[in-house]
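Read the structure below first, then the notes.
Chain lettering (A, B and C) follows the sequence in which the chains are written, and residue indices restart at 1 in each chain.
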Amino acid sequence: MSGLQTRLLGEILGIRAIDCHSHVPHELPHARSLWDLLGHHYYTELAHSAGMPAGAVDPGRSEAERIGEMVARLDTLSNTVQYGWLMEAARELFAFGPERLTPQNWRDLARAVAEAGRQEGRYRAVLAKANLEKVFLTNGFDENLEAVDRTVFVPCLRTDDLVFKLGDAQVRHRLAVKTGIEIGSTGDLRDAAQWLMQYFVRHGAASAAVSLPPEFAPREPDEAAAAAALGRALKGKELAAADADALAVFALDAVASACRQFRKPLQLMLGVIRNVYPAGVPGGRDLPSKQGSLMAYADLFRRFPEVDFTVSVLSTAWAHELAAFAWIFPNVKPSGHWWYANIPAHIEYDLRARLEAVPQVKLIGYYSDMYKVEFGLPKFNMYRRILARVLAREFVETGRMTEAQAVDTARLLLRENPRRIFGV
Amino acid sequence: MSGLQTRLLGEILGIRAIDCHSHVPHELPHARSLWDLLGHHYYTELAHSAGMPAGAVDPGRSEAERIGEMVARLDTLSNTVQYGWLMEAARELFAFGPERLTPQNWRDLARAVAEAGRQEGRYRAVLAKANLEKVFLTNGFDENLEAVDRTVFVPCLRTDDLVFKLGDAQVRHRLAVKTGIEIGSTGDLRDAAQWLMQYFVRHGAASAAVSLPPEFAPREPDEAAAAAALGRALKGKELAAADADALAVFALDAVASACRQFRKPLQLMLGVIRNVYPAGVPGGRDLPSKQGSLMAYADLFRRFPEVDFTVSVLSTAWAHELAAFAWIFPNVKPSGHWWYANIPAHIEYDLRARLEAVPQVKLIGYYSDMYKVEFGLPKFNMYRRILARVLAREFVETGRMTEAQAVDTARLLLRENPRRIFGV
Amino acid sequence: MSGLQTRLLGEILGIRAIDCHSHVPHELPHARSLWDLLGHHYYTELAHSAGMPAGAVDPGRSEAERIGEMVARLDTLSNTVQYGWLMEAARELFAFGPERLTPQNWRDLARAVAEAGRQEGRYRAVLAKANLEKVFLTNGFDENLEAVDRTVFVPCLRTDDLVFKLGDAQVRHRLAVKTGIEIGSTGDLRDAAQWLMQYFVRHGAASAAVSLPPEFAPREPDEAAAAAALGRALKGKELAAADADALAVFALDAVASACRQFRKPLQLMLGVIRNVYPAGVPGGRDLPSKQGSLMAYADLFRRFPEVDFTVSVLSTAWAHELAAFAWIFPNVKPSGHWWYANIPAHIEYDLRARLEAVPQVKLIGYYSDMYKVEFGLPKFNMYRRILARVLAREFVETGRMTEAQAVDTARLLLRENPRRIFGV
């Protein structure tokens, strides 16, 4: 690593970042046991893909047994960046010395995790060490947000159920319980979306979010078609594909309208197909598809100029379109590197392209997507290293930025842009 | 930068290049004011995307006001390669010293541009400094080419209106005025295409060009369908999509036939969707789509083996297909790095892949696509730096070329190939 | 090249590799003349693409004439990696000194090739020098495997004809001659696939293989539709597209079932469109398409969990999907870098992404796809150099692996994984 890159990295590590997308459970944000880390789908799905039977980590078995199964197979995946996150977390957060986790040494780490997990406010210490100021949550629409520690966490209204599962009576029931609105019409749906957005904003939420399949095409909703579909759902009928689509298009519009009303961004997570591999371990059954195009979203971006859409794409095949759309549409903000694209090879290429083509005030550099706060440090540090490398090699060494300007740009990506865009 | 790379770059900067695609207006080729540079859609679209209202640069306002609006916002996009072009042009062509353009210093640059703009033959001095021997123009079919300075400019027959707008009576009228041919039949269309090509070739044109949307599929035209569509257009009817397509397929065939007859290449610019964002600033409303495939063009390449197709793709998703087609089809010549793909990250990757897989005599390295000659220097120099880097790192350091061979290859890409392929 | 990279490359060159896919003809595995090398479609197609008439290498002309035509044009393609393979083979296997092959010196190389070609067991010496322990063949279903030298070669049942050409009476006849089974029903088809797999396994085969067009979608076969299609074929009718598809879907299922029964992997080569350019030289008429998606194969992967699918993709647009599927599906194993993707730019990017995201025990690093054993050395050495570079720069220098671990990973990719997955 060049001296320049080392200096840039030092500065970048010192930037207090905002993490605008995670799945941290606010009531149990940090690990209480090694299984809370190793049982993450990052690891179980890779171990399963490398030959471990899904039953080896069945919840019916003891944590020690499950950990033993996993640790015995870590060699098969020790090349992956996910494994790198685990070992960096072990070293930096639990003072774990060995460079590999083995059947011989895992109990030392397990003990350290359990001990740290009992510390009062451990998650705040972990986030401080990761230099993360705020971490966004992903909250179901009927989650109770009263107890969220808003000194570090920011709620986010996840709307997947609202958009895609209104045909399910159970979802409508949960909605009625939460909002007091029995969904009998499309108007009720708009009201419910508004009610939820208001509730969330009152409890500190800074955005809504939704993940969408690659072939979905949001458009001006056909309210009559949506009403007819809703009518059939209310009569307990299984919705045909066209009905389900009409209803989803309408519901997404209602969500976007609520975002407009409350001046909050809508996080779009594009390109995931759910349950492609049903025999996989929990969390490890969804996959990206290269099909589809951001062009399908142009209409949404045009109809809601007042709403910031922070957009993540699951397939790297969409990365160029995302940068191009952000280059032209004021309300399209590329956001981080998501899931199957959260790999250094892709981050480095896509980040360089975004930095070369998109106004720097529009880029949300990174978010962790983590399930426990412990992963914030290694994931953000991976990103910080790549950012330092790209800024050093492509911007400072080529004379396009001074060293100080490169640090300013990094500050925008890690901190200032998410603060401004989400208003936190 | 290694010593090797520095030496290669020195040699490459010394190669007098041919720029086979630009939008330079031949009657006003160089900037007369700073607005001629800063008002370019490269900048206004990025500033707008970063938050500037479109009205800030309304032509009703004075140039100074518009420049002020833009300069006040340059910080938002100072990371982009487009900004880099501006500052390199300012430094190299106008001896502007500061490393940033600011509200405090822009009047110095404005004065220098205005002064230089008054020099007789300024554009020739600018092109000499950029080490560009010839610059191709993009000419509407009814442009008068008598006054073109053919010592540096090469006309090019742009056929987009001819291919896609024949349904428009105004376009047919312009065609009749120019060629003397009233379009009453498909035969007239072929005659008009021929007439235009002959006129253009007589005035020094070296090619025709057309930009095509990503889902367009040229094929053996159905002349009866085209005639029927034309008949409806002549009666003043709005053309249905199928009619418009039949007519466009026929017209593209007529253009390719004219190219064959006059032994001129046809420049294909593939993958743009027009007016995706109508609320954007002028020039900043079109976008690439990753959809579609070069496979749709295989039939065209097969039917016109005598025509060289110099092909540019707007979406990087098409880059691999382009290299593969050029590897197999004698008449497919990859051409430069266009618009949304004209970003160092993409140029570097795509250039390396082309150099590793396509015969070097077939590659047109770069063109500027510029609107004023001042952008030729920074755009070509950006490419020259990337070319030097790729040749140094991937070819000379790995032992696949000597340093002298690398310079020979660079000379083919920048000069000898466009000269031979276009016959200039 | 850094000291680290040099040391890693030294270790990696010392790994005895398994080459799991080639087109080496087992009865004539090594070159007897320079034309056996230079007449390869790698070279004739590039020379043709660069302007050589197809007739220049007409088999009716003498080898010396054909070689003369090719050598006269090598300058046009001396930048390509394919040319690099030729020169590395010439230097390393035939002690050819000059750095370019020219009209003046090619007879020296021709003499050296002819002389070496007469040596007893020459191919074994060539493979030893390339440090290749085993090379897989590609065998037609009715090839006689008795004489295969199984000390170095491993047969592979190529099933393209079986899957896509059952409508052709000639293919059914060849099948009957080989297996003794007259195809009169879908049951016969299953029996024939089984019979062939058994025959191949008895003769040392380690897998079956099939190449598939980008839009093909394997799925649960409709046996009635397949039977009806077969019935029409048996009556001598040309099959409509839907019939041909039903039959191909059924036949692929029969092949996968035979793989399951004999516990052998099925090599899937995805994304080629045949005969896109019929006027090309032999072997140089097929092209990749970016269209299609691995998602079309999810059903196949789900239905045959016991079968390892070693998957190669022809279009780099599919590379990200392949890594993602391998990350989740236990039976998906990314395999090498195929044909139009077998270019250093693509290998380096795709290899890095796979190494960062897919368990290392699942990656088949490389195969040669060669037609004569002489190409094994330069192709594998190209890969070894890229592997050393990626491991050095992205894994060891960044602290994610030690040097020894990097060599272990390389050993998995080049040797241990193909050995384990194919059981050789």
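Please note the rule applied: a residue touches a chain if its C-beta (ideal position, glycine included) is under 8 Å from a C-beta of that chain, and two chains touch if they have at least 3 such contacts.
All of these numbers come straight from a predicted model, not from anything done at the bench.
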| item | value |
| --- | --- |
| Proportion of interface numbers common to subunit B and subunit C (over half same, under half different) | different |
| When subunit A is superposed on subunit C by its C-alpha atoms, the rotation angle in degrees, nearest 5 | 120 |
| Separation of subunit B from subunit C, taking each centre as the mean of its C-alpha atoms, in whole Å | 39 |
| Interface hub residues of subunit B, defined as touching at least two other chains | 317, 349 |
| Contact footprint of subunit C on subunit A as seen in their complex | 1, 45-51, 76-82, 84, 99, 273, 276-280, 284-285, 287-291, 315-317, 340-341, 343-346, 349, 385 |
| In the complex, subunit B residues that touch subunit C | 293, 295, 298, 301-302, 305, 317-318, 320-321, 323-330, 349, 352-353, 355-362, 394-395, 397-398, 400-402, 405, 409 |
